Structure formats: C-alpha cells, structure tokens
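Note that chain A is present in both complexes that follow, paired respectively with chain B and with chain C.
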Partner chain A sequence: MSTFWLLVRAGFRRHSTYRLALLAGMATNSVFGVIRASILLAALASAGTDIAGYDAPTAVAFVWWGQALLGTVNLWGFQEVNDRVRTGDIAVDFLRPVDPQLAYLAGDLGRAGINLLARGLPALAIGALLFHFAWPPGALSWASGLVSVLLAVVVAFAGSFVVNLLAFWLVEVRGIRMLYMIVGGLLSGLYLPVPWFPGWLQTIAQWSPFPSMLQNPLDILAGRVVGVDVISAVGVQVFWAVALLGLGQFVLSAGRRRLEVQGG
Partner chain B sequence: MGDRLEPYRVLLASRMRAQMQYRASFVTDILGTVGVGLAEFAEVWVIFHNVNVLGGLDFTAALLVFALSNIAFSLADLFVGHLDRLPTYIRAGQVDSFYVRPLPLLAQLMTSDLSLRRVGRLSVALVALTVALTTADIAWSAAVVALLVVTIVSGTAIFSALFTAAGGLQFFLVDGAEFTNSFTYGGSYAAQQSQQVFPDPLRIFWTFVIPTAFVAYLPAVTILEIPGDRLAPWWLAWCTPLAAGLAWTIAGLCWRAGTRHYQGAGG
Partner chain C sequence: MSAIIEARELVRDFKKTRAVDRMSFVVEPGETVGYIGANGAGKSTTIKMLTGILKPTSGQVRTCGLDPMRQRIEVARRVGVVFGQRSQLWWDLPLRESFTILAAIHRLDPAAGRARTQSLVDQLEMGPQLGTPVRSLSLGQRMRAELAAALLHTPDLLILDEPTIGLDVLSKQRLREFLVAERRERGTTLLLTTHDMGDIERLCDRVLVIDRGALAFDGTLAGLGATVGAQRLLVIDLAVPTASLTGIEGATLVANESQGLRQSLAFDPQTTTAAAVLARVSAVAQVRDLAIEEPDIEDVVRRIYAASRP
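Moving on, here comes the complex of A and B:
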C-alpha cells in the first residue's frame, strides 16, 4: 500500500512541474465555462421553467463543476500505455513488482489531485465570481460529491486503460480512441446534462459507463441529486469502477500471453 | 510566379499522397472527423429537443449558424490547423530545420501538412447548410448568394487568422500552448451560437475583439431577415471581409513578433 501512495505522490509531482500548462488549461476551461453557461441559461430562459430538474443556479453549477473537473477526470483518455505496448516497453512494466494497472492508476490519481487543486478550483472560483451559483446543499453533498469525483477519476482511468490495451491486438488504436472520445464526450454530460437528452439517447447513456465519469458527480455537487438518490448514483459508479478495472485485469493478462517483444 | 509556387505544389501533393497510403487508417480518420461533426450537431439538436427558440433563433436558423461556422472552421482547420503542432516542433528543435530551407517559414508550415481527414467534419457542415438553406424561408436574390460566398471565404480567413495568431504566440508560450485554445477552439464554439445568448460585454468581445460573430451569426441574421437584435444591424454582415482583414493584420503582427522572438533551439 505504501508503494501505491508513493506512486500517487510521484504522479502529483510529475504533473505539477508544468505550471504554465495548468494555468493555460484553467483559462481555456473558464472560457468554455462562460460560453456553455450562457447557452444553458438562454435555453432555460426560453423554456421559462426548469428543464429536467435544472433551474438557473443548478445549471450554472453543473457547467462550472464540469469545467473544473474536466482536467481532473481524464475524460479524453491517455495514450501512454498504448505507446508502451506498441514499442514493447510494456514488458518492463511486467517485470516490476507492482501490478501495471495499479501503478498507472496511482499515477493517474496523483495527476487528478494536482489538476483538481491547481486547475479545477481556480476555474470554479472564476465561475462563482461571474455567475449566480448553487453550492452543494449540505455537508453530506460535499462529502458524497468528493467520493463521487474520486470514483469518476477511477472509472475514466479504467475505461481508457482498456482502450489502450487493445494495442496488443490492433496496430493502430487511434480510430478507436477517437470514437471513445466522441461518444464519451457526449454521453458523459460534458456538453449538456444527460437528463436533457431525448428518451432513447438517455437510455443508451444510462447503460454506458460514461455518466459515471462526469454526470453523476456533477449532479451531486450541483444539488440536483440529493438524499437516497445519491446512494444509487454512487452505487452505479462503484459498479462501473469494479467492472472496468476487472475487465482491464482480464485484458491485461490476455495481452500478456500474446505479447512478444523482439530483441534483448 | 508559377515557378515560385512549384515547390509548394510538390510539397502538398506529397503530403496528400502520404495520407492515402494507409487506406484503412485514412478511412477511420475520416469517420472520426464525421463523428466529431455529428457530436457538435447533437449538441444543437438536444437543446432544440427541449426548447423551440434559443437566443432568438428557431431550429432552422440555428442550423444555418451551425453550418456556416463549421464550414469556415473546418476549412481553416484543413489549411492551417496543423500550426497547432508548432509547440512540439519548437520543443523538438524542428523549427530550425524549416529555417534553413529557402522558403518563408509560415508558407512552409502551412504547406507542411494538409489534413485531408478534416473533410469529414466539413461534409457534415455542408449537409447541414443544404438542409438549412432549403427548409428556411429565404428571399433568394443575388445579394443573398453573394453574402453566402463572402461569408464562407471571410469566415475561413478569420479562423485561419486566429490559428496563425495562436502560432505566433506559441513562440512565447511553449508549455502554455493551451492558452491559445481559448480563442481558437473557444472562438469556434462561440461562433456556433446565437450571439443573443451572451450578455452584452461578451457579445462586444466576440464581435470586435475576437470577431467570430461575423463568421455565422451576423450573416445568418441578414440572410433570414431576423429582426429585433439591436447589436446586429443588417449591414454589419457585409463588414465580414473587413473583420477578416483586421484579424489578419493582427495575426501578421503576432506571427512577426513570435518569429523575431525565436532564438533557435541551439542545435
């Protein structure tokens, strides 16, 4: 366990080196936050009432928590593992006395931590300055919201890890990664809240792991989901975290048997 | 003149041939950019699933704004979008190798790639434009056709200018390259919207500072003769070439400042 912690801290330090990049990411997140919040507010004004349980302050909170968590949750995925499989460096990961999935998860949690502190919270502060904002309605929402964010980071990591491992069988994973990004961006609720979707698209979203990567923590933090519903929102995330991590282990061991690295 | 352009023609032709070599990968890339276009459209469509009017535009009008901005953006992305990769070139010292060749740096960078896969997103936008123009109630005239052509050309020029300005700033930013995304990709996102969704200060910003309102919303208001927006008088749409000219002046200054600032990678 102490190895895991060391790797988390290493990930945190590694990503805190690029301070200007963190600041730049925060600035871009804020610009998109302003545009997206304006659109949602205009839609609510046009409807004249709430849409699917979002009133103006909830919708604004939904947008800005989403922008704040965009750097924290690795929604777009990563390609480090994919590259290492292709170059054969993954063999080195197999030689290490730590499970590769756990090691990469630890690094990603560290990355998430520095991004939440240095990129997410300042973006959230800008949003709160510019817009009228619904804060989490109580201590319970804060606490469950943070647990939900942690689970979202794990689910997003586990999903992208599986996609990366497909490189064991396919030469070029870029097309699949792109598809994953497009579908994930839409179904995770990054652009618009999932409850705004037409029925059939909502059903597809709810059967996919993507809302667990963003929509669920956003709903808890924006105060749209409260009380007993929080338990089911977090429960779904736990299910997807376990399922995708398990799938990752399975694919990893299957790929390990297949892996053939040339040279000494 | 023909002789001077010959190297660029050869460069571009080789880039295009190279992309076609891996047929399967090229097809997946195109499908990918079609997917990006469809996802962008889904956002507009989901909103209009909930409301009938957004920022003074009905669905057809919003579709026209979406189409015009996406056509301009994907054309600009096709021609100069790869300037985005400049920070990687700078870090790897590859910019120096461009400098030793006897062609201007910007022209070389622009012709260093022509990402044909980006036609995927362009085709989604063209379908949207066709649907919008046929279903909308438009009083067709020579002026409307002229305005459409002027808009697409100038809109492409505006986004290209934004990419070039971003490229110039990369020489200063390097690690902070993502800063410029806020006005390139952020500008494209803002251009797709009815400008009436924004509060006034922001509208002035997207019209006179980063002129993305000219790319789609202002021409659409004029073409569809939508009344009632005091910040979008009908004649403003005809100033789109002027906005493109100003954007290119600023882009040129940014590029000049950037290349003057650049000291080489010391290789």
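Moving on, here comes the complex of A and C:
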C-alpha cells in the first residue's frame, strides 16, 4: 500500500475515534440546516421568483449539501500545523522522509472521508426527510460533483496550510485565522450563495479561492451548474488547488530556512 | 565507510544569541557518543542541524555523508531520532498503527516491516501495548515505543535527545539494556544527549562536552574524569560518634554527619585505593558499614565549566 494512502487511512481512523464529536457535529449541522433552509425559502417566497438561478428545490439542495460538506471541507481551517510550529513539534515532521505538506494533505483527506460518511451524509439524509430538494440531475452531475468535493477539500486544506505556516514568522496565527474564517465563510457561499451577492462582492469572491471550497461543488450537486459550465467550475478549482499547494510549498521551504524550533 | 557525522566550524545564531559556536567534531561508524552540557548549552540545536531541521548560520555539516539541509529526506531514511520531549507516534491511534505507518513512510517491504516491528516489540516487551492508543501509554511504555519507532528503518545513526527524561529507575534500566543489546547486534552509531549521567556511564565510550555553544571536552569518560580530577567518595558509618577523620593519608574529609557517626572521605583512585583508605580509617576508628560513590559526572561537568570559564 502506498504511503499516501496509508496516511489517508490514518487520518480517517484518527478522526473516527471520537464518535461522540462526530454525532454532535452532525446534530449541529442538521439544526443549522433547518434554519438556513427556512431563511432561504423565506427569501425566495418574498421575492416571488427565482433568485440568480435558484428556485426553492435548488436553494434547499444548496443549503443541505452545504451543511453536509461543512465538516468534510475544512472551510474554517485547522490549527494543528500552527500548534506544531508553536510547540516545536514541527521538528518531528521534518525528521520523516516525506514531504510535510503531502503528509498533512493525506491526513486531511482521511479526516474529510470520515466526516463525509459519519457526519455529512446523515445530515443530508435528515435534510431530505424534512425538506423537498433537488437531487443532482444525472450521473454526470453526481460524478463531477464528487470530483468537485474532493477538489474543495484540497483547496480548503491548501489555503489553511498556508495560513498555518505563517506561524514560522508569527509563532501564533490565531488572529489571522479568525480573519480567514470570517472572510472565507462569507466568500465561500456558506451563508448565502455567491450569485446572491451584490456585484462588487461577487467580483471579489470570484477572484478569491473561497468559492472553490464550497460554492462550486454545491452548485454542481444542487444542479444549478450543468453541462459545459461544470468544466469551468471544476477547472477553477483545479487552478486554485495547484496554486495554493504551490504557494504552500514555497512558504514551507522559506519557513524551514528561518525555523527556530520552539521549546528546545 | 566514511564518518557518520562530520561537523566543521558549525555555527548557529538565534536572534540575540549564538547557540552553537564553531563546533567541530567527527563521529565514526559504530561509536557511541554522549553529548552533554547544561540546559541551553546548544545540544538540541546541534542535533537539529545534524538532521536537517535547522539551517546552520555558517560552517559545514555532513550526516551519513549527506548535506542535511539539501538532502533532508535521504538523511531521514538513514537516521533515527528520539526527542524525549516530543512524540513521533500517532497519538489517537493504537500503537500498532504507528509502526505500520512509519514502515510505509520509510518504504519498508511490508513483510520486512512486520518482521522488524515484531523483533523490536519483542525485545522491548511491548506486545501487550500494541492495541493501546498511544495517548493511553505510560511514559515508560511510550519511550520504549518511541525508540522502536526510531529504529524501525534500521538507521545507521541513532540520535537520542534526553531519552530517559522523567523515567523511573526500572524503565531507565530497561531502556539502557535494550540499547546496549541493539548496539552489540547491529553496531548502530549512537549519539546521546542526556542529563542522566547513568546513561553516559552505561552506554557511551566517548563524551563530548558542550559549554555555551562551544566544545569544551572531547574524549573518553575516564579521560574526562582524569582531566578534572574526579574523585571517589568513601562514605563510612562508624560504630560510635567519632571525632572528624582528618589527617587520613591520601584522603580528605568532605562531610561529617550525625555527630561523627557518618563521615565521607574523598580520594583520587589514581593515587590510592579504597582499601588503603579503609585500612587507615580502621586503624583509628571502628567501621560499621561503608559505601563507595562513583564520580558524579554532573559534578565533573560542572568542574569543566568552572575550568573553561575564567
């Protein structure tokens, strides 16, 4: 078995040990799903028409797939690498004959896998029981949707990894992470679909990697983006995955050169 | 085979301080080297430069003939490291899985990886803990597991940074016995930093002393003792309270406790013997019990510091 795959499995197993936390996450996602779906339905009802290509079933699907992917895609980022730089445990990562970014990516894919299975899909099922929503319109939407989810996980990981690496210079990046969470939550389409934004904010979002972390897979899975448009939605994600992973490599090697291992 | 470690004029500066100051030393294959010094003397910084974690400010370092900064991954394949205060195991997973993952990371053939794991687990008596999550292991169990993890890929060089820190006497003993056996079997080169002088006495045939980032001594343990005149201590319990045992030839009184019931005499093993000192004491007082204390290396090191600091 390849090293990468083993590390994916380790991430999966590691995050599956805390079953109660997964259950709690699922319950929270479901409750917020009900609230968010109700708000979007109310907005659509008061508009009396579709908004930017979302009718009621599409909007509800957008919300519930979003809730299902919230634990899967690490939208708000992680703290682990920052912590390891802060405590000096990052030294151990450099003692292994693997690329640290690749190793952490593998671990995050495993984390995403268990969260999708144990937290995302049950939340989606609850949504499907309570609301009427549109399923992906065909096999192509399902398949490209899954690819898009995978890319979203990679883009979200790569972005957060870069933020974490700033710890090489700042030691503690909690403040920047907070900003990243707020901006990322908004621009990824978590609160409202990006096409509902005013024009200027849409422009900002479209030039940022955040829609690639949530909006794009949601649009494909909710059936709002179909046909040829799927290719450009996925293409943008591929671009951001490559760009952010590349940036991460660059920052990692720059950080390593100025590393001061904390805590002896 | 060329040298395992070659450091030449190695310097590392941090913001305000020079942690390592023009260190030069060579370690040949099969040597066991104790690397000792006070806290903050620069031990860990040196190790991190040897393994490619830290970039030297200047100077040269070769580990297994490789440049650790440029060839970190190749160095990592040939070196095993245990940082006593850090863990390389997967905290939330059963111990067994850490070994599986590390074997894969080091690209061991699966069968060979399993065989090596089994043999390390047997030698370190870790079998019952294989199914236990690492977070639930005791410190002693975890340190043995860390050692097994560092040796899994059969490295040419094993670096141990404070491996016995916080361990009880029995756990220390087991760890040392294992290291002695491992070394006898494979001839692994060992570099060890420690505050526990028992580690050095039991494991090392060469000692490097680092003081304020610079090398203060390089030689054998016996040589270290001779350099600073390490003395042995004869602790004598007397039958009745006795006046201070001054004037014993070849020995000096260093302590007198319990109104003269227990007195300690220091002597230099190069010039006299414990038996001779005892005979001289027996001539003037009735000895009930005695103990001989070996040179305390911490004390020896302290004297080296004192000597190198004007």
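Keep this in mind: the second predicted complex is superposed on the first by the 259 of 264 C-alpha atoms of A that agree within 3 Å, B and C clash if a C-alpha of one lies under 4 Å from a C-alpha of the other, contacts with A are read in each partner's own complex, and residues count from 1 in each chain.
Here, contacts are C-beta pairs under 8 Å (C-beta built on N, C-alpha and C of every residue); 3 or more make two chains touch, one makes a residue touch a chain.
All of these numbers come straight from a predicted model, not from anything done at the bench.
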Which partner chains sit in contact with A:G88 here, chain B, chain C, both or neither? Use first/second/both/neither. second
Please indicate which partner A:A143 is in contact with in the superposed arrangement: first for chain B, second for chain C, both, or neither. neither
Have a look and say if chain B or chain C is in touch with more residues of chain A. B
After lining up the shared chain so the two structures overlap, which partner does A:R14 touch, if you call chain B first and chain C second: first, second, both or neither? second
Touching partner for A:V34 - first (chain B), second (chain C), both, neither: first
Answer with first, second, both or neither: which of chain B and chain C does A:V242 touch in the superposed model? neither
Going by the contact rule set out at the top, does A:R96 touch chain B (first), chain C (second), both, or neither? second
Quick one: classify A:L186 as touching chain B (first), chain C (second), both or neither. first
Taking the stated contact definition, name every residue in chain A that is touched by chain B in one complex and by chain C in the other, in rising order. 18
Taking the touch rule as given, give the residues of chain A at its contact with chain C in the complex, in rising order. 1-3, 6-7, 10, 13-14, 17-18, 88-89, 91-92, 94-98, 103, 256-261, 263-264
Can you tell me which positions in chain A touch chain B when the two form their complex? 18, 20-21, 23-25, 27-28, 30-32, 34-35, 38-39, 41-43, 46-47, 51-52, 172, 174-175, 178-179, 182-183, 185-186, 191-192, 196-198, 201
Hey, which residues of chain B end up touching chain A in the complex? 25, 28-29, 31-32, 35-36, 38-39, 42-43, 46-47, 49-55, 173-179, 181-183, 185-186, 189-190, 193-194, 196-199, 202
Touching residues on chain C, where the partner in the complex is chain A: 14-15, 44, 48, 51-55, 72-74, 76-77, 79, 81, 83, 85-88, 90, 92-93, 97, 100-101, 104-107, 110, 133
